[in-house]
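Below are the structure tokens for one structure; questions will follow.
A, B, C and D label the chains in the order they appear, each numbered from 1.
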Amino acid sequence: MTPTATTIKDSVHDYIELCPTAEALLDTAPMQRLRYVRQLSTVQLVYPSANHTRFEHSLGVYHLASRAVDRLGVDDPLADRLRAAALVHDVGHGPFGHQTEAAIERHLGRHHDEIEWLLTDSELASALEAQGLDPEAVAATVDGRGPLGELVSGSLDVDRMDYLVRDAHHTGVPYGTIDHSRLLYSLRTVDGDLALEAGNVATAESALIARTLMNATVYGHHVSRIAGAMLDRASERVLRDAVVAPERFARLTDSELLSLLAEHESTADFETRLRERSLYKRAIWAQRGTVPDRFVGLAYDRTRELEREIAELAGVDPSAVIVDSPPVPSSPESRAKIVVNGELRRLEERSSLVAGLDACAREIWRLGVYAPEPALSAVRDAAAAVLETEATVAP
Amino acid sequence: MTPTATTIKDSVHDYIELCPTAEALLDTAPMQRLRYVRQLSTVQLVYPSANHTRFEHSLGVYHLASRAVDRLGVDDPLADRLRAAALVHDVGHGPFGHQTEAAIERHLGRHHDEIEWLLTDSELASALEAQGLDPEAVAATVDGRGPLGELVSGSLDVDRMDYLVRDAHHTGVPYGTIDHSRLLYSLRTVDGDLALEAGNVATAESALIARTLMNATVYGHHVSRIAGAMLDRASERVLRDAVVAPERFARLTDSELLSLLAEHESTADFETRLRERSLYKRAIWAQRGTVPDRFVGLAYDRTRELEREIAELAGVDPSAVIVDSPPVPSSPESRAKIVVNGELRRLEERSSLVAGLDACAREIWRLGVYAPEPALSAVRDAAAAVLETEATVAP
Amino acid sequence: MTPTATTIKDSVHDYIELCPTAEALLDTAPMQRLRYVRQLSTVQLVYPSANHTRFEHSLGVYHLASRAVDRLGVDDPLADRLRAAALVHDVGHGPFGHQTEAAIERHLGRHHDEIEWLLTDSELASALEAQGLDPEAVAATVDGRGPLGELVSGSLDVDRMDYLVRDAHHTGVPYGTIDHSRLLYSLRTVDGDLALEAGNVATAESALIARTLMNATVYGHHVSRIAGAMLDRASERVLRDAVVAPERFARLTDSELLSLLAEHESTADFETRLRERSLYKRAIWAQRGTVPDRFVGLAYDRTRELEREIAELAGVDPSAVIVDSPPVPSSPESRAKIVVNGELRRLEERSSLVAGLDACAREIWRLGVYAPEPALSAVRDAAAAVLETEATVAP
Amino acid sequence: MTPTATTIKDSVHDYIELCPTAEALLDTAPMQRLRYVRQLSTVQLVYPSANHTRFEHSLGVYHLASRAVDRLGVDDPLADRLRAAALVHDVGHGPFGHQTEAAIERHLGRHHDEIEWLLTDSELASALEAQGLDPEAVAATVDGRGPLGELVSGSLDVDRMDYLVRDAHHTGVPYGTIDHSRLLYSLRTVDGDLALEAGNVATAESALIARTLMNATVYGHHVSRIAGAMLDRASERVLRDAVVAPERFARLTDSELLSLLAEHESTADFETRLRERSLYKRAIWAQRGTVPDRFVGLAYDRTRELEREIAELAGVDPSAVIVDSPPVPSSPESRAKIVVNGELRRLEERSSLVAGLDACAREIWRLGVYAPEPALSAVRDAAAAVLETEATVAP
């Protein structure tokens, strides 16, 4: 640390020191925009303290990457590239993060991690180049490719280490409080691969457990899922009606999207409902096994067909039915590598917990059907018939 | 606590149990709006984690009021009134809280604590009445009047107890971490007055100290003051130009105000600067004694005159000069009552620290003159001449 | 809470209010003695901050029991009995808690939870009777018997809730930081049985997970196990040689036991080693499957036989060999009851994680053979031969 | 950080990395002894969680010193000397730390910071020399002398930074939670002097405030003072009666001293009282101004004279009276240097708070007279007469 380094006070990691590249990147509009994108989107409707942003999270990921490269003995320019990638890894996120991802993908054909367009076509690219960094290489790192890219996006990445601890701090739910310092201290490279030193099975498991429990209590809470599904439908409308170009849409902040929805006739009701927290309610909430397997993890078009079918049967407007059937989750952490007797092994080969956690994740899975209060009863009956399930939510 | 009470998880107070009145009030639009008003407004431009809202703070104040009335043995209906007042105490805040207060006052002639209009003319009033509460009485309590009103707004109120601890949690600055439980445990009533039990001079002092240190490092940080001054000037323009009615203005959220500023020609530049954090900079930063006393604590009209005078001398547009001379702060906590040898005394009579803290608060005071980068040098010279000071900030 | 209640400040639960029974019990010598028995015994040799005592833990358990009985709507006198049992639940512990349990049992034929003798023959019994409580009933409650006894000792008891959080606070290892408030809020009684309300599978799992991870990193750390095994052998000698009566032994504090060991010739070396942290080292550290099943979970006499056999083969004094083969752990939490569709179910029937955690616990299991440095190499070879294992620890 | 560095988990600073010198020093008996000396001595009789030791505190001070020397750009061998001095700075403490300091000084004529004897005559000296360090130079540093010695013992030393935060963590009293990282970041050297960078008056004040408030609520709590005074009198007896040599006395642990007191006839009663927390009680508790100035800050001999005088008048045994009149406290922090306009200034010259805090410290001062319950009333009257005060404590 040089005595003149700029530091930023963070509620999770205390002081974060900025390298010159970080200072330059923070000054760009794409990074400043992240101050206005909440890290946990609509989770604040359930956990009112969860208002932390992708900006502070990005600083945290940068900080952990800095500590990791010091620890691993990585030198510049690779170290600088890794820190830069950690800092900008979220600039590709649209408003409300993951909750508009699918809509953006449908209209723009890209995933938020593919941030090349941002890197090659923006103030950010210039800032990177001014620091002697190749935007393409940084983008590859953000995507988990290239030397040590898995530190930024992989089974044990610093992204996850930061968000678990940060989400715990801001929701008040302790499950995410992992020992991230021990994870950092345990990192080593084996022939260029990132792995945990021997004796750290429990360390690796703890990260997987933390995410599983945070999924169960925070990330997958039904109120947040309902709000997210409403945002997806509303986003679809403004994109379909060309109220906004997809490229512009992807760069909105949370509140800019809400303003847009408020002004557009077919989405104004959604915006009011989100703002005043008078959301759709659950008509169906079905565990695996209580709904036919063909309804698990539905494609968007099929989802819309089912919504129309249910609406018709219920005698309500199609906009009054939302079907939400996500894919069954996977556990990237279980692919983490760990040194066992001098050789690399996948965590899933070594841990008796991984299978249990996978089963746990599958059990948490739910298919939801949501509707506004007045239509709730009719939608419940219709959805139960169409989806061949008895997993209705009691009125 | 009844087994069926609804609880909300809070990052500061853990679980908060809601009484029926609280549940009803939370369902109203004025309360939900507070989710979109940041507790510390533009402080997040300095402390990136400070994104907590007046919504979660309101829940915290409600929680502390609940504990206090239990502790003091206050029964319903007064207890219910106090809890309700604690919960709604901030609904009168405009966008960005205190930072638009002065502009609203100039155009609406009221202070945010005078929330009668909200209580008598809104969904909130109906909700209160439905719970058997008199909106006028609740409004008086919010204003610190009536039985135990000082619990909600007074020298030792639960508002302060919550915000100090919450702001510490979210900024990462520990100074606000007071022993709020001890404050609560020490409360008692003496002939209807709220006071601290004997032996709690240090307890009372600690709250005063915490606020003084938080002022010095957080609340009064110059970056936040600059952003606040820019918001005030921008607010003035949209109100003056009748872009929005003052009544409507006062009910905007933070982001709704920014959207409004973005759309209006004379304020669009301010909005971009706030959003991208390319703020005005300090030309002058003058401590008391380095600027004539007549420039300490300026009225708004006089401020604008000085701005025009400086701008003219500097040869820049008047909008390129902001003069910011707040009044010298007072310490309401020093009026807190404490039991000494069976009699009530003011803290300031008993504590050797109060005078020191007052002096400290006066020392922290600064007059600022701010300008955009290109005009900075010219404004610096002109302002030094007009304000007869040498307290310029080095380029 | 009455305004006059005595409160004690605790580092984990903040203020703890004492009922009159608690105040009376705390004033007794058996309770004050717990100030000098460390909660985690020799774990402080690994985690230097782990110096918290059974006294503060007892206060914490009392506090959680108080909150639970309030929550469950239990009235006095049962509530008072439950609180009293929670407070005194650990008075039966010998010095260094669990680490001298086996030695005491061998010589006294009782288990620390069987605290009748203490309750019927001491200052504590009088104090209980003076508060209108029946010592026998309190003792039964400590043992998990009688109405709601499982709150104090059962699969979801307040003992566990406190120690997990407290041990995390004091070691710095975050895994124990469970959401104990949510556990408390979720408790209900169904036909007299304690259970968790529906929707709390993850809440229950989290406690089980926390203990599994704390076992792996804290409670079962090999340095603490070695120290514990040394204490057991030393205790055996002073008891065998009648240096101290077993009844007196069981009431010593940690340091009183060390003083005793220091003064006795055959244990002075152990005491020096513990005090100066120059412990025996691992010769063998064998996972299940790497040692024949007949060596898993050895009875004491068999252990001593094996030690003599190994010592003879190694040509060292029998006191230079310690064999440590604990039973494979069980998970009492998996028997916790939870309401599912209105019926009581065991957690293990509902959770996919329980089996994984059980497997995990089995994997953490190790058989250890320990020896002082000079004898280490010889003992390693001899033990490998006698125990038919290759799981030696590299020199 | 080298990948192979040993780390220790600490409840306050998370992971602490050990340099080779630290590893070597920790292995010595004098350092291991500190595991058995409580940091806050008898404060645990008031705050039951305050069982942290001088061992973990020493690790914390070492950690902060390491960070500081990195920050200041100090290289080896000076850096190594500073780290070593930080680690061993407390080895000179007797049992119960400051509470036996006066007794040791009376019989040994030295102060605990004068640790030359330990450094030149022990395992520690050899360990230092084996690491290439000069024990004399390390001892001077512990004493605050020599290059940057004030980092270890001075107005802004790392000792204070650690204990404030650690004592807060373990007592649960938040006042000590200073922003120690900011203090570290603000350190710089000006012509060899340690100072805070400009703009850190509040940072420095916060440390002073923290100590003042911790004094008022924790360090100077009357229960701990009574226990400390009892320890002093008991220590005096075993030293006077040559039960133990002063050199040996000074190296006892807390519990070894208690064992010694228990075995000696004239001190057994004190030991029982301390162990069972049935302490002497306050007969007199006099603020400055309520007792003649000549009784403020009494020398030991004068204290004993007054005790005899009071005992005689009360008709009780002299051992039943303890007079405790400490000197009025000073504030070393107020001498901290801070850069103002490029020049070094003392904090007391720049801060309006220092005078207030000094006054505050003077107000907290109390003269106490303590006696066992049966003699309390007689001692109260006699002491009031002898000390010419009315500041008796109500029965």
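Keep this in mind: contacts are C-beta pairs under 8 Å (C-beta built on N, C-alpha and C of every residue); 3 or more make two chains touch, one makes a residue touch a chain.
Which chain is which protein? Per UniProt: A, B, C, D = Metal dependent phosphohydrolase.
Since the model is a prediction, treat every value here as computed from it, not as a measurement.
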B-C or C-D, whichever has more C-beta pairs in contact: C-D
Relative to subunit C, which chain's C-alpha centre is the most remote? B
Centre-of-Cα separation between subunit C and subunit B, whole angstrom: 50
Provide the C-alpha centroid distance between subunit B and subunit D, rounded to the nearest whole angstrom. 40
Distance between the CA centroids of subunit C and subunit D (whole Å) is 33
Two or more other chains in contact with one residue: find those residues in subunit B. 14, 173
Within their complex, subunit B touches subunit C through residues 1, 3, 7, 14-15, 70-73, 181-182, 185, 188
Flag every residue of subunit D that touches subunit C in the complex, lowest number first. 8-12, 14, 27, 29, 32-33, 35-36, 38, 44-45, 47-53, 55-56, 59, 169-173, 253-256, 258-259, 275-277
With touch defined as at the start, can you tell me which subunit A residues reach subunit C in the complex? 173-175, 177-179, 202, 205-206, 209, 213, 216-217, 351-357, 359-360, 362-364
